[in-house]
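Reading through the structure tokens given below for one structure.
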């Protein structure tokens, strides 16, 4: 349902302005802090404006999947805890949380940022499992870009635990986890005929369609997802893609 | 037998040329597109598509068959074979003054009773009200009810009632078709009528159906 | 493209249904509604709602799939819903619900797009008011060649794939999902390949629908 506040925001955007004074393609201030959790093998806190997302990496020894007996396992899970927003509810992960986790997963997996074949300990029996858990701490819009950024930042911060007699020794580390690429996810939102980046919570309410791109350092696109219940024009895709590629370079710089 | 043209959603069927649009079509830049799988009905002043399937969505003025499904404080809730339950307020259901504090409303209509009523109001958010205050509206006693596609009801009635008159006359049976796809039948020849109705439902878009049915019943 | 087969009205209790085969991938979709939505607090006063549930039958894949709703099914259910939603006149049935159940009976790649095609045909047969068809197909890159309608093996060995759906008369995109590594130019080429393939699928589907209902007449 469209209320007068939504109409106001839409009117602003049509005129190329936003309620917080940003340009349409401008992100809020981004802060990336790594190594924020001492019990995780890697972690990162990302703030985009008031949106706060934490990603923690745990490394475990697991059985490989049957169809990839010589590869490590990568798993991404997202938790939309009710503490972060009145819209989030208690219970199993919502559709949105699952979709977010799976899009972050594809951005990392398909970019080959982590070479899973290097994480095999004993074919068919034991491989490293890399578990990325995303925890939303405050939902003020653009959770996907923040979650993806936190995830790659946390991976870059991850150390592989030391093994003794095949067992993990917590707190001692072998070496840093190798990360081959730094994929960045940028979500382009369509409001009327304008494209918008990094929507605030209020702006997300009026966004009808979104396109997310996972973009690698060499500008290759590794993951694409269309969101929203409205359609897109063919010309939208190229325009959104160009915008996302430019922006991805900016965000990648924050990873050092 | 000649058939009418079948159209599919999204199909551009014609130019608008200032004509009225029915519920089965919509307009994009002066072109008229179809919403339903259905049959195109195009005339000088209106364009519409009659759907071949779909549930009944009530509109004001429809004559429908309803089944009382609840007796409430100030009226009755009525199943009209639609996603929307209708409401029959006391004032629209009973002529006399009713003191709701003293009278049990089920005295007038009880759960399971069948009524032939008129859709008297449909709000934007689909609050549906029905009324019994018209000449043709009545409580229907006994008989049976069959369901057909709501879009096929006009075919069952025929032009100026031609089809239904033939069936009534040849079978000596009472038939009341509700525009919501419920048809009430009572009399000696109920099974014959049901057979005829299902034939009409199957072959509703044939031109010359009335003659065919007439012949079938004449034999 | 693999052989496409369509059968309509297989679930007679549903308002509309369709079985769609793309080669060995088989999807069955059933549509119920619009119907009264329960519980009442889920009702939207200005629009109807669409619910989709995609599932894989346990016997549809090589290794038995544990029955029930896994994370992939949750995501794909949503992806299918938002691919279909732009085409439906949901505002015509406020407070009501249209339920779509789509099950993959046999999986050999491209299951979500097959599911979308089945859903579209089931919705049309159910008499749901729609702006247009929603036609879907998958495209991808294998050994640096661009391919259409990936089967299971191709899906596993592809360098990249895109799932695509669009409204052929309105020329608008409703599903755009991709994995792998693609350059901007490859994406452009894949989109135009997907569009062409969808147009072919559209012709097949139109033929089946008007064929069935014209047969009813004669």
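Read from first to last, the chains carry the letters A, B and C; within each, the first residue is number 1.
FYI, a residue touches a chain if its C-beta (ideal position, glycine included) is under 8 Å from a C-beta of that chain, and two chains touch if they have at least 3 such contacts.
Since the model is a prediction, treat every value here as computed from it, not as a measurement.
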Centroid comparison with subunit C (C-alpha atoms), farthest chain: B
Centrality ranking, top chain (CA atoms only): C
CA centroid of subunit A to CA centroid of subunit C, Å: 27
Distance from subunit B to subunit A - Cα centre to Cα centre, in angstrom: 53
Between subunit C and subunit B, distance of the C-alpha-averaged centres to the nearest whole Å: 33
Shared-contact residues (touching 2 or more other chains) in subunit A: none
Residues of subunit C whose C-beta touches two or more other chains: 45-46, 167, 170
Subunit C-facing residues of subunit A, complex: 1, 66, 93, 95-96, 98-99, 101-102, 106, 110-112, 211, 216, 219-234, 236-238, 241-242, 245
List of subunit B residues in touch with subunit C within their complex: 1, 3-4, 6, 8-12, 24, 26, 28, 33, 35-38, 51-55, 57, 83-85, 124-126, 151, 202-203, 205-206
Contact footprint of subunit A on subunit C as seen in their complex: 44-46, 63, 71-72, 74-75, 77-79, 81-82, 85-86, 160, 162, 167, 170-184, 187-188, 191, 195
Sites on subunit C touched by subunit B in the complex: 15-16, 33-36, 45-46, 87, 89, 92-97, 124-133, 167-170, 206, 209-210, 213-214, 216-218
